[in-house]
Amino acid sequence: MGTIGLAVIGAGYWGPNLVRNAQATPGLRLEYLCDLDADRARRVLGGYSTVRVSDSLDEVLADPAVHAVAIATPAKTHLPVAMAALEAGKHVLVEKPLAATYAEGRELVEAAERRGLTLMLDHTYCYTPAVAHLREQIRSGALGDIQYLDSVRINLGLVQPDVDVLWDLAPHDLSIFLSILPDGVVPLSVAAHGSDPIGAGRACVAHLTLQLSGGVMAHVHVNWLSPTKIRTMVIGGSARTIVWDDLNPSQRLAVYDRGVDRVADDIGPETKAQTLVSYRTGDMVAPALPEREALRAVMAEFQASIAESRPPLTDGRQGLRVLSILEAASASLAQGGAFMPVLGELVAEVSA
Amino acid sequence: MGTIGLAVIGAGYWGPNLVRNAQATPGLRLEYLCDLDADRARRVLGGYSTVRVSDSLDEVLADPAVHAVAIATPAKTHLPVAMAALEAGKHVLVEKPLAATYAEGRELVEAAERRGLTLMLDHTYCYTPAVAHLREQIRSGALGDIQYLDSVRINLGLVQPDVDVLWDLAPHDLSIFLSILPDGVVPLSVAAHGSDPIGAGRACVAHLTLQLSGGVMAHVHVNWLSPTKIRTMVIGGSARTIVWDDLNPSQRLAVYDRGVDRVADDIGPETKAQTLVSYRTGDMVAPALPEREALRAVMAEFQASIAESRPPLTDGRQGLRVLSILEAASASLAQGGAFMPVLGELVAEVSA
Amino acid sequence: MGTIGLAVIGAGYWGPNLVRNAQATPGLRLEYLCDLDADRARRVLGGYSTVRVSDSLDEVLADPAVHAVAIATPAKTHLPVAMAALEAGKHVLVEKPLAATYAEGRELVEAAERRGLTLMLDHTYCYTPAVAHLREQIRSGALGDIQYLDSVRINLGLVQPDVDVLWDLAPHDLSIFLSILPDGVVPLSVAAHGSDPIGAGRACVAHLTLQLSGGVMAHVHVNWLSPTKIRTMVIGGSARTIVWDDLNPSQRLAVYDRGVDRVADDIGPETKAQTLVSYRTGDMVAPALPEREALRAVMAEFQASIAESRPPLTDGRQGLRVLSILEAASASLAQGGAFMPVLGELVAEVSA
Amino acid sequence: MGTIGLAVIGAGYWGPNLVRNAQATPGLRLEYLCDLDADRARRVLGGYSTVRVSDSLDEVLADPAVHAVAIATPAKTHLPVAMAALEAGKHVLVEKPLAATYAEGRELVEAAERRGLTLMLDHTYCYTPAVAHLREQIRSGALGDIQYLDSVRINLGLVQPDVDVLWDLAPHDLSIFLSILPDGVVPLSVAAHGSDPIGAGRACVAHLTLQLSGGVMAHVHVNWLSPTKIRTMVIGGSARTIVWDDLNPSQRLAVYDRGVDRVADDIGPETKAQTLVSYRTGDMVAPALPEREALRAVMAEFQASIAESRPPLTDGRQGLRVLSILEAASASLAQGGAFMPVLGELVAEVSA
């Protein structure tokens, strides 16, 4: 396959980043920036661009020069826009979340699989050098058994008009978890607590607790109201623990040879628990990571997955798993924080 | 009243700090360091001390030169040791938690109130300059309405033989909350999630969500297994938000004039939520705080509350409130994370 | 005057940034990207641009649609390229340093002044919100009298083929100093110490000490070999001291009400010096600063200074002052670190 | 030899730390705290101590139970106090600097060597785990050849009545340098620049540049007027570079496998310098270090050097080397910043 013709749909907050990175990706040819507001699209492209502007999705999808679309429109429009693209035979890259509901997301996954088209999620963080390193460290066993995961994603954020803070921010954390967890460690149930102290009509501060298979607990803290910005994830392992501070470019990852080990199983009843554990207090290593823009890697993966007719790293099914967790979290919120099961089964059935 | 004779009971982890600070507090006279292991007590005092060592609580309590005791023994011994002291007519300063259970704690509070003796909790953090500043800022209204509280207290900690991480660490956060919250904002219910990934037999990682009156949510994250140490508390307010980083001595408190405000109540249905809120992005002020050892202030308050026959800042009732939250948290843990009511009523009834 | 036609000369390290920002600046029209290597220029523009590429400076300067040029070529070419532009009647924005020598720089300043053309230095840092705030705080008197300046600019940097670390990095610090110092506080002499521990043939680590009028000392530390990156400037004042950490986006500036004050002039000989001073230990304020790209403001100032026929904030004379300090520093390096006078007089005489 | 009887001389700023650590050191027996102001000494000891107070140095030195003294009096008194102790046959530990002048220091070194008594400097930093690690890394060759040293020691400090900021603070940096440098790398000359912006009568801000043998440059920046505290040292090496941030207890040392290497010696004249160097951008390792009080190790070394009749790690000759650098620095300050030779020869001749 030769160069892949691309249209970016949506010239709002994220669209300009797609435009910029698409233009820099070998194997892609940006044909259109499409937005209902053509002036907004023109402003995004600026006064020196040869890229075409369109305010008609139909026009764009009818153009045989367009082989793929990258969608950066509001979540509730993902189903119609992406479905139209798939029905027109276009490959689709879509912003997180995949769709406004699990049911809608499933429609898209099924439609893409039926047609053999690429459906990829722009889970941008999954393409950072940090996540790539985390994944490799975890899957190689260097961390040992996963003991806990903890993610904090707080800042003074835009209070979204249609979704709460969980649906806005937690897809980042959840897609990272799914991207790095070893095979067989999957979310089983989720509990969510939230509050809306400014009267916005939806949770602005929330905590998510995930029960993973194997008894591992993961926690996500998201907050739109924090005056300070924190983007930190800790992945505790039996052999190493990694702390990822995404706002510290000179030391994003810190791999600690520190931890608590249980040293005996068979011990008399009188022995104190302190004697059961020992403490490792070894060195910390901050691995050298390349500095590259993650969205560039997203675009390269989209191009490659189409060119090679293979599923992308963050495919529709991963997007669907995120939706299943978010829906369970919303159900938990509505029911006062009880643990709700994550719909793992349905995901597996999709293409059955 | 003249100088108050004091005995420190317990020469373990915390006792040496009590010894050192008691010796430096005007109005106190340290008479004894008492421990079942007299050699341990002698080692704590060192080779140059005139303070007496005793391995007999009875001996110490029988000495009329002793007017007060400071207890730093394991929590499960607080009831018998403190009760013996109260029955001997001694004032009592006790390490957190007040007792091993709410019922035991209530016995101590009732006994002290019946006898008109001081029963004070060594909630050390409540005596830091940072907490004094927080309390003043909140109670003066400078923060506006409290919107949320968030506390993180994680590090590579000693896995305790008899209590889980909630009972070990959360008393700090809970006593701070109780010490700074405005009148009328009280904990109503609590949910707790925990995990024990090293097989220690008790939770080593835990999250606590508190529902406070007025719809405010508070969250506490405690963890014995983290390779890095974090001691951070955020108190979000409608006018200001304070971030307290206790490990940053040059800037422990940061007061942000940043936040999200709701700007309209009566708005047509078509208006987007974004138009409902506005963002403040003002300056940050890091107030100058004195550097002083909090335990020195604890000792001074103990001395003063006895000398002035008044309740201390952190009295037995505050200790009891902490126990009521911890017991509700343990009940929640046992029941899979459901919210459990905090026994606010019983506290109020104690001396009725 | 209508839209100003611009050509960017040089498609190397910095040129792409000029291209991007020129395209986004109202009142500018980017006509050419000019480089001896036309392919390099084409790669910089990418596959979607309407901007023309030229490998001929003559062609560009001959085009009446070009009113101004922005030069991002090696320093030693600044004289011929900028002079050709001025002789063709074009306004000039030039990368730091203005030229390879003070004498060459003076030629350019004289040529521009003779023709009434704008000659502006791209001293990018002078257009950051941080420097704007510093300048305002200093010139308003809020800092009191300047007591000292200290700048550290170290990182693992490119060892330049033709200039040492002083000529490469110190122009940033020196142009910032010149931009913020109050009227009448000027550099009088400079001493430089340097070393070349890797055998690169030029200083890779250097320290610059400036004697300013009024007895103020300023110091600059530049280093190409440091594994960590530091960009910190401290400006000590009698009333406030500002610390600027350019790598801390959440708190670039910190204004401290802390310092040492002399409290008595007329004191007997027996009084100790400690009694002569008092210590202020007040709050720190981190002012809210807008986040904007400094180079955007550079371009806007270039456009405005041409449109309004007024000198830009960082004009050729400021560039010449930087050269006079750098030449004195090189002379000091050559003479073992002795203080060398800065050629303040010649600058004043330029257009006499 | 049995337990060594010790007297601490001076109950001012540092004396209490000596008292506390002496009491905790096996093999030492604290006999006296001696101060002209006996009340001050009594306050330091507190109300529970068996240590004797004396206001008479003669009394203390006449007591055969006293085998050694630790002197924490003003620098100008070091000569008479230490000399009296040596003449009385006592071993001496003395605060930095060894004496008020090189000549005085030399008298003490000669007197101690003549009598075979220990003369040790309390160069406290030399006993930190960080310096021990640095020394080991450098001397083992792990850092490769030393390329540069850079130390920053600034904070809001006490303006001393009798010495400038160089004599007050730089002894720390200089003693650390002397303690870690490989054999044969010694200071040859020093230049100093200083300023006194508050009119204190002595330099309050100063920069010291040291030329070491082998062409290595070391730099020290000391400042009493900085509102923020910095304690950072960088030791650049051809194989590794270490950054020591003493105010970051969780990561005091960072060992970087990052740097610039020269890759060719024999290269044609047309080759650009960029091709001569290559860049390493490897991992960073933060070694686990024990947390211990350095002064405890000072006391242990004093005890051991006496007990084992061997020179201590920081002996009088090291103190004398520090004085020779300080005197050269003062001479440079007085002569406008010229490089002044360091008196290395005289040190070597001391006991000849």
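Quick notes
All chains are identified by letter, namely A, B, C and D, in their written order; residue positions are counted from 1 within each chain.
The rule is short, and it goes like this: a contact is a pair of C-beta atoms (placed from the backbone, for glycine too) under 8 Å apart; a residue touches a chain by one contact, two chains touch by 3 or more.
Note that this is a predicted model, so its numbers are computed, not measured.
Of all chains, C has its CA centroid at the greatest distance from the CA centroid of chain B. If you compare B-C with A-B, the chain pair joined by more contacting C-beta pairs is A-B.
With centres defined as mean CA coordinates, chain B is found 39 Å away from chain A.
Averaged C-alpha coordinates put the centre of chain B at 53 Å from the centre of chain C.
In chain A, 228, 254, 258, 281, 284 are the positions where the chain touches two or more neighbouring chains simultaneously. Interface residues of chain B, counted against chain D in their complex, comprise 23-24, 29-30, 46-51, 228-229, 250. On the side of chain D, the complex with chain A involves touching residues 251, 254, 257-258, 281-288. Contact residues of chain D toward chain C in the complex are 145, 147-148, 150, 156, 158-162, 191, 193-195, 197-202, 204-205, 207, 209, 215-217, 219, 221, 223-228, 234, 236, 238, 241, 243, 254, 256, 258-262, 272-274, 276-277, 279, 281, 284, 336-339.
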